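What follows is a pair of complexes built around chain A, which joins chain B in one and chain C in the other.
What follows is the complex of A and B.
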């Protein structure tokens, strides 16, 4: 099986604090993997059989490399980083365009997994858009999965219950549904040194209007906490 | 100058921090009360590769160097000084003597099992009559055919209760004393004639085992000499130079944790109508704790950088050991004061940090010995 895992780089919120109605970050410029995406990595690793290949995909600046390396340390084989400046600043639509193109470029894949929502916008757009772009079946709020023959059987959070999808499929993984494994020191060192595959927008045959800020349907103007 | 940590170091730090949060902090009090690290935790630490952090991958180590090792110890120091000390005694002095001065055969024979944590190391120099005056050791090693026969005892040996591989320093020529008369040996705990005393009951770092070791007509093969016969003291000093540095790493972690706990407490504790963190007395204590911590952190990682770049660190590591241990005592004292009564109670970790901190000024060479090392270096050079 070939499994693609999409990882969104997000600010490290573990040390964030609130000051004057704004959320401030203790460490500027440090990006980590979106927590639900780490749950997705864990789910993919739990499905892995002998001979399977797992590849992680990220759209982001070079600080996004940190987020990708965590997936490598957990056991993902390779990581593709679209760090082309043109692709930065996109929303769920633009990012899904880029990720779908990157996945097709490295394809074909039997399964695509990603977190259902990110801690930044909580919009939950990417998985569904990826499924459309890739022509795959899609399910969301997935908490666990097993693969049998050409099908994947899933459990889902809330009242959605169990379901079965044909492969290839996109699974949007529910935040917190599993405990992402902690890599050991040897895996960490290996992942830190592993070269990433850098991909540009022209490698993917995309036009500038489809990606980054230009390709976004939603522009974030302001985000703040309510006055208390 | 680049003061950033590498990707490897940042990732090691993140991983260790998560491990300490999930696996060590919840057990810290139990480790102190039961005077033992649970075997299940030791097993998890082995899986995580914590026992071979600075050593080359050629010998089964993780290859993170002295800086990576200080990063790991710093994070461990946030959770449990007992665990940090067991790891440090094993790595920075137990294994280090073999790593620095062992032959290729010795390194290939002993380091892989030590790096995986399958075997634990200890460093045995101190004797009842030879603490700071390490040159006064009297454990003897007499050549006999293909072996040496060791007789004597060592005291206050960290990991003495669990070590499988011990670097032992013995006198091979009484007349020459420290200059040419001491030899370092690799001793295995299953060698006939080896035995251990009961564990000492200590003020702090109670989860780390400290005991006497006895050698009675113990045969050690000549191939187990570390470095050259008569050069044992050089090996000991070289090893301690590196070992002292990492003690600073654990002190940094403890300082940072104490500041975080103190801020949390002072932000919640309301007296005289507001959280005490608004009171200048408390604020100044926190500011002073932060200044000490920044100083110690800076000197630890600078010295670690020097070590990783092959520069001699004898004076710097003595300064780090001396300063870090004294700074930690000042920081932990303020942390107790900020916490007030609750800082004295065993319901809360502060009192454990206080008891655990005190040993840092004594072991790995007392701070008086460190001052001797620094002063001797200064007077010899005639300048800073």
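What follows is the complex of A and C.
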């Protein structure tokens, strides 16, 4: 099997704080891998058999490299980083356009996994978008999966329950559904030295209007402090 | 002049973009209704209440899309604020493929400027797929909405960073503007038995 894992770089909420005067989140450390994406990596690693290949994908600036290296340290073989400035600042639509193109470019894949939601928005959309763009089935809030023949059987959190999907499929993994393995120091060091594949928007044959800020349909207008 | 002006040149000269032209074709609000336990789900009723607010602000019609052919449920949707209950030929119990086809088809035929879904697992599963099919924007997990009538846009207020900040998001150009609500969000309107409406079949 070839498995693609999408990793979203997010602020480290254990060290970030909200500036009330500037109404913004102030980050104090490097970006980290979105926690639910680590659960996705763990799910992919638990499905891996001899000969399978796992590749992680991230759209982000070079500050996202550490988040991506986390996946490498956990045991993923390769990592592709779309750090092209043109691809930055996108919304769900623009980011899905980029991720889908990056996955197709490195494809074909049997399974695509990602977190069901991020600590940024607490509401996901990338899995369904990727599935549509890649022509695959999808399921979200997946808590466990087993692959048999050309199908994947999943359990889900929430009201939708268990299901069986044909491969290839996109699975959005529920945060906290498993315990992501902790890489040892050696694995972390090896991951730090491993080259990432840097991908540009033109490598992917995408137009500037489809990606990044230019390709975003949804825009953030204002930040506000939560009303108590 | 030796050069012919293209339609795009003319539109650019008048300050009209192709996207704005397309946006003008879209009118009205659509809410995707889910049913269960013999009634419309509370999450959907909450979305319907928000949908009515948007429709009133825009002076537009509110269409509630319901999978399955149940006219009793259609009546319930009308009594809660829908002007039209649009019944789709898809199983009442959620099926990803047929529901995505039904919603896409409903959007293509009715061209709503806003599509709203309640805070449910079905919405989380369905909305992103359809948003990508239509290459449009999706505001995910809004706890509150605010219609801006002059711009005909809906601002979605979305909790960020585990609720530490709230972001106001909008989809100014692409249509429809799709929004799914956060769990528990929405406003359920009281039933009004005198409300009239139409039942259409997709």
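Quick notes on this structure:
As a convention for this text, the second predicted complex is superposed on the first by the 214 of 228 C-alpha atoms of A that agree within 3 Å, B and C clash if a C-alpha of one lies under 4 Å from a C-alpha of the other, contacts with A are read in each partner's own complex, and residues count from 1 in each chain.
Throughout what follows, a contact is a pair of C-beta atoms (placed from the backbone, for glycine too) under 8 Å apart; a residue touches a chain by one contact, two chains touch by 3 or more.
Given the structure is predicted, the values throughout are model-derived calculations rather than measurements.
In the superposed model, C is the one of chain B and chain C that contacts more residues of chain A. In the superposition on chain A, A:123 makes contact with chain C only, while chain B stays out of contact range.
Using the contact criterion defined above for the overlaid structures, shared-chain residue A:61 touches neither chain B nor chain C, since it reaches no partner.
Legend: residue contacts after superposition of the two complexes on their common chain; A:141 is shown touching chain C, with no touch to chain B.
Judged by the touch definition given at the top, the superposed model places A:189 against chain B, while chain C stays out of reach.
Using the contact criterion defined above for the overlaid structures, shared-chain residue A:167 touches neither chain B nor chain C, since it reaches no partner.
Contact with chain B, but none with chain C, is seen for A:70 once the two complexes are overlaid on the shared chain. Residue overlap on chain A between its contacts with chain B in one complex and with chain C in the other: absent. The touching residues of chain B, when paired with chain A in their complex, are 6-8, 10-12, 14-15, 18-19, 22, 47-50, 53, 62-64, 72.
Per the touch definition, chain C reaches chain A in the complex via residues 94, 96, 120-122, 124-133, 135-141, 155, 157-174, 180, 182.
Residues 65-66, 69-70, 73, 182-186, 188-189, 191-193 of chain A are the ones that touch chain B when the two sit in their complex. Taken together, the chain A residues at the contact with chain C in this complex read 11, 13, 16, 18, 23-25, 91-93, 96, 116-117, 119-133, 137-141, 156, 158-160, 216-226.
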